[in-house]
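Each chain gets a letter, A, B, C and D, in the order it is written, and its residues are counted from 1.
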Amino acid sequence: MEIKTITSANIPVFFNNLVKSGKVVVAPVLKKSGKVFFESVQSYDQVSTDYIQTAFSAKSVVFPEVEELFSYTKKEDGDFEFRNDMSNVPETVIWGLRPCDSSAFNYLTDFFLKENPDTYFKLRKERTTLISVSCAKADAACFCTSVGLNPGNVTGSDILLTAMGDSYYVEISTEKGKSVIDTALFTDSTEKSKEEFLAKVETKFSMDEIRERIQTAYDSAEWKHESMGCLGCGACAFSCPTCTCFDIQDEGSQESGKRLRCWDACGFGQFTRHASGHNPKSNQTARRRQRLMHKFKYSVENFGIVSCVGCGRCIRVCPAHLNIFENILNVTKA
Amino acid sequence: MKLLQNKVAELFENGTINLMIGFKEALTKQPVPCFIEKASEIEQLIYTKDCKNNLSVYLHKPEVKQAGKIGILANIATLRALVQLTSENQFWDIEKTVLTVNDKEEVIVFSDMEEVEAYVQANFPEFSEEDLKLLDYLESLSREDRWKYWTEQFSACIKCYACRAVCPMCYCPQCTVECNQPQWIKTSAQTTGNLEWHIMRAMHLAGRCINCGECGRICPVGIPVHLLTVKMNQDLFKEFGTKSGFALKGDYALNSFKPDDKEGFIK
Amino acid sequence: MDKENKYIPYRVRIAKKTQESSNIQTYRLEFVDEKDAENFSFRSGQFCEYGVPGEGESTFCIASPDTRKGYVECTFRTTGRVTAALANCEENDIISLRGPFGNAFPIEQWYGKNVVFVTGGIALPPLRCVIDTLLDQREKFGEISVYYGAKNVEELTYKAELEEWAARGDMNLFITVDPGGETPEWKNFIGFVPTILEQNPPKSDNAVAVIAGPPILIKLGMPILAKSGFPNDQIYTTLENRMKCGVGKCGHCTVGKTYVCKDGPVFTYEEVLGMPLEY
Amino acid sequence: MSEFEPKIVAFVCNWCTYAGADLAGTSRTQYASNVRIVRFPCTGRIDFMLLMKAFENGADGVIVSGCHPNDCHYTSGNFHARRRWIVFRSILDLIGFDTDRITFSWVSAAEGKKWANLVDEVTDKIKAKGPFTDLDKLDGVQLKELYDEAITK
C-alpha cells in the first residue's frame, strides 16, 4: 500500500491524462433521467461527482450484458469454423466506483477464476484498472457496514481516492494502480486520517448475528411473506454488482452467427424450468429465497465471502421496493 | 389513515378478506406495496397521493391467489386495471374486495365491480401532461431524429422485463419473448431485439393498456416506454372512440372493428 | 476437460443415427479433428453440451460406456428448439460438442458387488452408459438388475439392447410400462417403476443401487431403496437440472449451494438428503 | 456496379391478392422481379412480428395486401387487420421507423394489373430510397449511451 495526495485541482488533469494515454475510461455520468450510469467518457467535465450510487454497477466492464463467446460459419463441406477474437478488448479504467463495488470485483474474481477459470472474464479483468472514490454521502438504502465493508475500504480497488476538502487522499494498493499514477501530480501524503471525510452508514444488522441463523433460514416460514411483493423481473440481478448468472444463446442462422453469453436472473420463472416442464424452483418465493440465500449463505460456503456488498441498488431499483436487509432480518428472526 | 385501518380491521374481523394488499411507508417518501395477513399488521397501512404502484398486478400472482379472499387498496389506475381485467375474465378464481380512498379522504369499499366501473367512469383520469408534452416534442422531431431518440433509448434496455412484470395486463403464462420456435425476439439485450420487444409489447397492449405508466416509472434505466402505449391510447380513442379500463363489458379495440374504420394509407 | 476456453466446442460428426422411437434418437458422434479425439476422455456418468450452432445447446449424459473409445453416444428426446434442430440432422452432419463435464460414478468401488439400476423413460441413456461399462467387464461384478419403465411401449428406449440384455441371461430385467401403455403383445410388467420396485425388492446385501429418472422417480425411488436396506451412501443417482455452461458459472442448475454441473451430476442419496428439494 | 435491386417481401392473403398475383402471371403481365410472395390464409393472420422479422432478415421493403373491405373470405379478417395496421403504423411512426417502406394495399383476385403496378411502384420507391440499413448498425455496442438531448425540461 502506498499513500499519496493529489490536489482537487489536479484530479481533472490526472483523469484527462488517463484518457490521453489511450485507455478507455469509464466513469459515472448523470443522465437526463436523473440516474447516474457508468459510461465511456472523453473528459472530466462529463463525469458526475455528486452521486450516492450509480444505477448499475460497473460489472459490465468485465462481465458484459452480452459477451460474444465465439462466432461460427458453416463451410461448404458442412464443417464449422469457430472464431473467438478477444484481442480488441481495450485497456480500461473504471473511475469513480464506490468501495462496495470494488470489493464486489473481489468476489467476481474469485467466482470466475478460482475454479474452471473463465477466459473472457480473465482477459477483461487483466485489462481493467479500478480507481474507486470513497463515499462522502450515503442514503437509507446503503448498508455496506452491515456486511463487513465500509465507505472507505480499499478491498478490490487498484487506487482508492478519498476527497478531503481541497485534496484527495490516495491509497494505491496494486502494481496496476502504481502504473497509471502520474508521478508529477501526486505528492507524498501528509498524515491526515480519511475517516472524518467518510459517510456514516447505519448498520442495519451484523453479520455475526446472522451467520448462525442463516444456516437454518431456508426453512423459515417468513419467505412467503417476504417475497410476496416480488414480481419476478430481473432488475435486482441486473443492477447487482455480484450477480453472475447468465444464459447462452445463439444468434444468427445455422450457416453463420454468434454464440452469446447474456445476463440472466434467478428471479425469472423460466430460469430453472426443465425441458419437460418441471420447474424445481416453481414459485417466486423459492426464487427469491435462492437469490438471498446465495448472497448470504451459499457464497460463504463456496468462496468464504458474503456476496452482498450492501450497495443498496436492488432496493432502489425494485419495482416493489423489496428491501434485502429487511428480508434477511425477517427470515433470520429468532 | 385511522379510518382506512379501521375499515380494513373490520374486513379482517368479519372474514371478508384474509389478505390485504395495500401500501406502507418505506425508506424513501414513495410508499411501497405491503401485504397484510394478520390484523396486527394493519397499523402499517397508509394511503397518500404518492401511492403509485398498480397493485392489481399482484392479483395474478399464485402466492397471492392462494389467500382466496383478497382485499386490495386501489388508486385510480388500479381501479381502471381491475375494470379492464374483469372485462378480460381474469378474476374467475379469486374473491376480491376493492377499497379506495377518494379526494375527500373518504374510504370507499366497493360492493361489486359495477360500483368500481361507475366510480372509474366518474373519475376517469386524463393523460398526464408531462407525457403529452414529451409526445408533442417527439412528434415535432424529424423521423430520423425520432429513430435516433428511440434507438438510443432502447440501446440502454437490459431486458430485465420489469416493464412486463409490473404491467397488470401482462398476465400471459408464457410471453411471446419466451417462445423460441421460432425465436420471435432475440434474447440478448441488444438494440434490435430490444426494439422488437418494446414494439411487440406495445402492440400486445393495444386497446388493453390502462395507461397507469408503471412501465415507464419503474424502468431501471429510465426509458419512457409508457409513451408508446400512451400514444396508442390516444390514437385508439381518436380513431375508434375506444377507451380501455372504462367498461366491464365490451370488446377491446383490436378485437373488434367497424366496417367504416378510416385510414389514409391503404392503397 | 483440458481446453482452456470451455465455451469453444469440439466439432463432431454424426457417424450413426438410430431412431429409438418416433421422437427419441441415438447419435454416435465421432470427432472431426483427430487431435480432439485423442485429447477427449471421459468417465461413465459425465455429460456433454450438444449443440447446433444457430439454435443453441442442450445437455445430455454420455450414453456410451467409457470402456469403448473413439466415439461418444447420446440419446435424446425431441422437446424444444435445440433438440428439434438436432433431430433434424442426418448422418455425416456436423454438430458441436462441449464437455465432458461433471463427476462420474465410482465404478471401481463397485467391484465384486451386486448392482441394481432403477430408471424410467428417457433416463435409461445415462444409466446405459454405466450398465455397458459393467457388462464390458462383467466378471468384476455380482448380479446386475435393471428396473426400467416408460409411459408406453413406444417410448421404451434401446429396445434392441433390452432384448440383447434379456438374451444374455446374466442380468435380472424388470421392464415395465405405465398402466394403459401396454400393447396386446406386451409380456413384461405393467405398473409404475416405484410400484414394481416395491413388489420385487432387490437384495441389498453387498449391493449398490443406481437410480435415474424424472425428478419424481428419484424422489419416490430413493426412499424405497433405502427401505429395502441399501445404505444411503450406496444409493447413487444422477440429477439433471437445467444447465447452460457446464462449469458451475451460469447458475441455472443450482440446488442450494450445490452446482449439479460441477459438483454432480452423480450424487449419493446421503448427499441428496442434505440438499433442498430443488431438483 | 450494378443498380441496387431491393428485396421486397409481400405478405398476401390466399383468396384475393395471391389469386390476383396469379392472374398477373397467367396474363403475362410484366412486373418487377424484386418481390418475394408469402401466402397467408387471410390478412387477419399477418402478425406484425412477421413484418419486423422481414426487415430484420434483410428486406428493404414490405407489401401487405389482401381482399378489399367486405370481400374477406372469412367475412371480417381484413377489418381486424386494418385496425391492427392503423395502430402498428402509428407506433412505428412514433419510433421513427421508416413507414414508407411498408405498403398496404387491397388487391382483389381480378386485379392482376393492379398487383403488377403495385409491385412496380413499390420497387421504384424502394430503389429510390436505397437499401434498408436502419437496423444494421444497432447491435454490438458494449457500454450503452442514452440519448440525452431530446428530453428537454
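Here is the rule we go by: a contact is a pair of C-beta atoms (placed from the backbone, for glycine too) under 8 Å apart; a residue touches a chain by one contact, two chains touch by 3 or more.
Here the structure is a predicted model, which is why all the values come from computation and not from measurement.
For chain pairs A-B and B-D, the one joined by more C-beta pairs in contact is B-D.
The most distant chain from subunit B, with centres taken as the mean of CA atoms, is C. For the pair subunit B and subunit D, the distance between mean C-alpha positions equals 32 Å. In whole angstrom, the spacing between the mean C-alpha positions of subunit C and subunit D is 50. Note: centroid distance subunit A to subunit C, computed from Cα atoms, is 39 Å. Under the contact definition stated at the top, the residues of subunit C that touch 2 or more other chains are 80. Multi-chain contact residues of subunit B, defined as those touching 2 or more other chains: 156, 190, 221-222.
Annotation for subunit D: residues touching 2 or more other chains are 144-146, 151. Within the complex formed with subunit D, the residues of subunit B that make contact are 134-135, 137-139, 141, 143-153, 155-156, 176, 184-185, 190-192, 195-196, 199-200, 202-203, 206-207, 221-222, 227-228, 231-232, 235-236, 239-240, 253-259, 261, 263, 265-267. Against subunit C, the residues of subunit A that register as touching in their complex are 69-70, 72, 74, 78-80, 82, 84, 111-112, 115-120, 218, 244-250, 252-255, 257, 259, 261, 264, 266, 271-276, 278, 280-281, 286, 290, 293-294, 297-298, 301-302. Remark: subunit D residues 48-49, 52-53, 56, 69-70, 76, 79-80, 82-98, 103-106, 118, 134-135, 138-141, 144-147, 150-152 touch subunit B in the complex. By the touch criterion stated above, subunit C contacts subunit B in their complex at residues 80-81, 84. On the subunit B side of its complex with subunit A, the touching residues are 26-28, 30, 32-35, 37, 53, 57-58, 61-64, 156, 158-162, 164-166, 178, 186-190, 214, 218, 220-222.
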